[in-house]
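In the part that follows, the structures are each spelled out as structure tokens.
Across the two complexes that follow, chain A remains constant while its partner is chain B and subsequently chain C.
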Partner chain A sequence: MAPGMRHACFITVGPARFRIGSDWRAPIDQLRALYADYPMEEVVPDFTVRLQGTSALRRFVRPQVAIAGDFTLPDALPLPLEQGLLAAEMAMNLQMALGWRRHLLLHASAVSRQGRAVVMTGLSGAGKSTLSALLAERGWRFLGDEFVLLDPDSGNIAPFPRPVSLKNEAIAAMEHEVDDDTRFGPVLRDTPKGTIRHLRPRTEWIEQMARETRPGLLLFPRFGFPRAVRRMDEAESFVRLTQASTNYVALGERGFDALTHFVRSVPACAIDYATGDEGVELVERLWSEQGAKWGDRAAA
Partner chain B sequence: MGGQGGGMIDGWSVARALTDPASVARLDATGWTRLLSAARALSLIGTLAEIMADRPLPYPAARVLADVRLSNQAGLRQALWEAQCAHLALADYRGRVVLLKGTAFAAAGLDAALGRSIGDLDILVARDGMDQVEALLLAAGWEWVKPDPYDDAYYRQWMHELPPMIHGERDRMIDVHHTILPLTAGPKPDAAALIADARQLPSGLHVLSPADMICHAAAHLMADGDLSGGMRNLWDIDRLVCQFSAKDPDFGDALAERARLHQLTAPVARALRLAHRLFGTPAVWPIRPGVADALFLRRITAVDGWGRKTRKLTRQGFYIRSHLLRMPPAMLARHLWTKWRKGHRG
Partner chain C sequence: MTVRAFAALPGHAIKRVRLGGLEAIYHAPSGITHLLAQPVPELLDALDEAGDGRFVTSAELAVRIAERFDLVGDDPQEAPEQVLAERLAELAALGLVRVRAQA
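Up next, the complex of A and B:
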């Protein structure tokens, strides 16, 4: 009988529980360090992830990490062992994208203030991840930079505050922003997405990750363009979000209901900004305008 | 220290949970973790979820299985919708359209459909209707999956089905069969009899007769692939035999007659024996132990608590065997050579 995997750990992020097994020690050690503040006790997991050698020999000679687990893509390329941490992160994302059914999953980042969330979505590289990380260092609660989990029954957002995956120029920007060096993971060079470095959210946001919040504002940010703000109607938001959701089709009617309710309940804007500071300022301005309306409604 | 564990489990534990649901009461968290991973790897987690639906389970396991049941519902609806789409597309085809495998079980409301994962849509039509069916499907939005000319020619010359097609908008595959075994395999099932004896559903679509369903499942188990879907296949057979033999006490005789007609007596006998050993399937035929049964069961149950397929040597042996069953050795060599040169893996 085959033994279990050589190295393993359990990680809980928001409502999702992962079991990660590995043929090598290094990726598990890196995960333990990066996820030091997260619950790591053994639980029956939602997903199992395996980082395994591509062959018995390749476990030792220029080892390659193949991504396997409950849900896999047939054409997922293996990564070199030095990028084992990235392989683990990608595998966990893949489990969520393909397997999660409890919430409608939006490929988006989110932060919140006073119990209301700003959801930011857009194409990869549009800056939603970095913008959420910046806001989270400037007084906002961090809810996640990769997936926003929308509860189909309550309409609430369940935080999924994974470490932020910073890419290329965003690394230096956030190193400048964050004093505490221990919150950064190792620098991963020459990955398929360039240089990557993970940033662990502030401990308080991890401690509060079981607390849901209400959606307040939907933004479609684009970094590197002259400043501009455009209101977006429900229909356009809806169509864009069906494309940003990984499980909209799989959820069927529940997904449709959740998404229509969402786009009706929050105002939406496309925002362009040239610098990170401008992005933060735009979000805060739109937030206070919107906040004033919530205040009016509460007063009325 | 979480590194160890995941060892002592295999397909037998999954079989036990399916046939004796009360037995899961003694599982701890680690036991559940392993059971769920093994069941998922064997494509039986959907079935497990339905069987456990009304049982009091520990919350962490229950919530995983509740998610699986949501996926089951969506999968079932999608599979039936896909069958309906194909039915509409083939409205001008005069012959019978016979649903096969998972979609057939679901459309006919059989117990075997409970929690069963359904992938592609498999249909059977008469061989002389293949050209028209192909043209109608292409006209209705299906497209070829494999643009490789060797693969295409291979399918058309030697296989029992058209090359797979996928629907451009719905992203679902359809396999159009004209018989249930490749033309290169030994047994020659009577495809015309399969279609002539098919049963009509209220929708106008057809499914195989009960005995032919077992013959098809057994043919599939013996000749298709490296037995990696063996457990699920045997579970299908278990459910079908239980249901059909409960309704018809002479079902064993009817099955024997059809198996003879399709030259599938030996594969059906083996499938019945293996299902009997693994799931306690009612013995509709006298059970005499077969020579290689232990080896088959070893292969079929080879999975660990991390969802990894174990027993590599047995597995490779069965992979080569699966090809030998489908084609003579010289042809196999030519086939593997062509595939290898093109950088495929088999």
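Up next, the complex of A and C:
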């Protein structure tokens, strides 16, 4: 166990192994519940995450958790203890974003069908996370809502299917979509990002998370705008993805190879949509159009 | 005025990938990625074709390029080799081509 950490658990998501330690029991219990379907064996972790009291006095007066770990940001704010689960999730993201080197990391969500993935990227709040969650309830395999891991050697995507972090209006939308209440985490109110509730992916997508998939389509979704589709060229996709990657620079030439290969191998579109249903329909339509081309190529 | 000569980088120092109408260029010594438009890829091609590490002046390069392209600057009064010299100096400043004073 990490020094000073009274409670700890191990969680494996896709290829990444985490050890999360905490001064308190509550966040670890919540993590165990939310990640119940994930491998939890004690392994040598890739990352250690620590949720620790910001000071000995505060720990008793008004508990707050500070995020620490192998990688830390100087301005990472302490969160109230009730948001310890959120702190753990943020810390896991931080470790991946700053420390992962085996894949090119894209800040994006992804789903797949018939062995080909749709990668969706965009600014925070653009709707990529909710759209991936919706698609995952409607017949698509869920690969992740936060990071897409692109293998520089094979060009494949390694799934990283963490629980979806639903924010604000997306919570009610997904509660309406998902029948099984046990897949939802606790409601976390008044966080820096508003109200947050986690949704655990379907068990089958967690069981299949070691299986890589080929990229098929790249989308830049924007929720809350009148329906529109715009084809995006390779150079613009490339620039946007260098900005969406947390480790492009760190990977050097491997990152360059992986990203140029990726944007040359998949068609890309920016899509605007006003409602979740419209977003799903657009993805389905673009997928079918592209699927017809794959079929042509396979037949040729 | 000192005449400057330019040469391509050795192959291991630079990686170029065409992305639609632009070219992504990875500069290994700095780890920086550049996204460059016409006529940069054509200039780099011409330097490559000059031979392995061979230095050529902008005037020599202008002759080579004129065999395949019309060289016209924004200002028609400006000599093509002058336009080329400016573009090559910019590339040299980025480290994407080598430069030296011609004896």
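To be clear about the criterion, the second predicted complex is superposed on the first by the 296 of 300 C-alpha atoms of A that agree within 3 Å, B and C clash if a C-alpha of one lies under 4 Å from a C-alpha of the other, contacts with A are read in each partner's own complex, and residues count from 1 in each chain.
Operating definition for what follows: contacts are C-beta pairs under 8 Å (C-beta built on N, C-alpha and C of every residue); 3 or more make two chains touch, one makes a residue touch a chain.
Given the structure is predicted, the values throughout are model-derived calculations rather than measurements.
Once the two complexes are laid over each other on the shared chain, residue contacts for A:286 go to neither chain B nor chain C. Which of chain B and chain C touches more residues of chain A is settled by the count: it is B.
With both structures placed on the common chain, the touch criterion links A:102 to chain B but leaves chain C unconnected. Contacts of A:238 after superposition: chain C is touched, whereas chain B is not reached. In the overlay built on the shared chain, the residue A:10 is in contact with chain B alone; chain C does not reach it.
When the two complexes are overlaid on their common chain A, residue A:252 makes contact with chain B and with chain C alike. When the two structures are aligned on the shared chain, A:173 is found in touch with neither chain B nor chain C. Touch criterion not met for A:26: it reaches neither chain B nor chain C. The interface of chain A with chain B overlaps its interface with chain C at residues 252. Taken together, the chain C residues at the contact with chain A in this complex read 15, 17, 19-22, 24, 26, 28, 31, 33, 35. By the touch rule above, chain A contacts chain B in their complex via residues 1-10, 17, 19, 21, 28, 42-46, 48, 50, 52, 68-70, 99-102, 250-252, 254. In the complex of the two chains, the chain A residues touching chain C come out as 233-235, 238-239, 242, 248-249, 252-253, 256-257, 260, 263-264.
Across the interface of their complex, chain A is touched by residues 2-8, 10, 29-30, 32-33, 36-37, 40, 58, 60-61, 63-64, 67, 70-71, 73-74, 77, 304-308, 310-311 of chain B.
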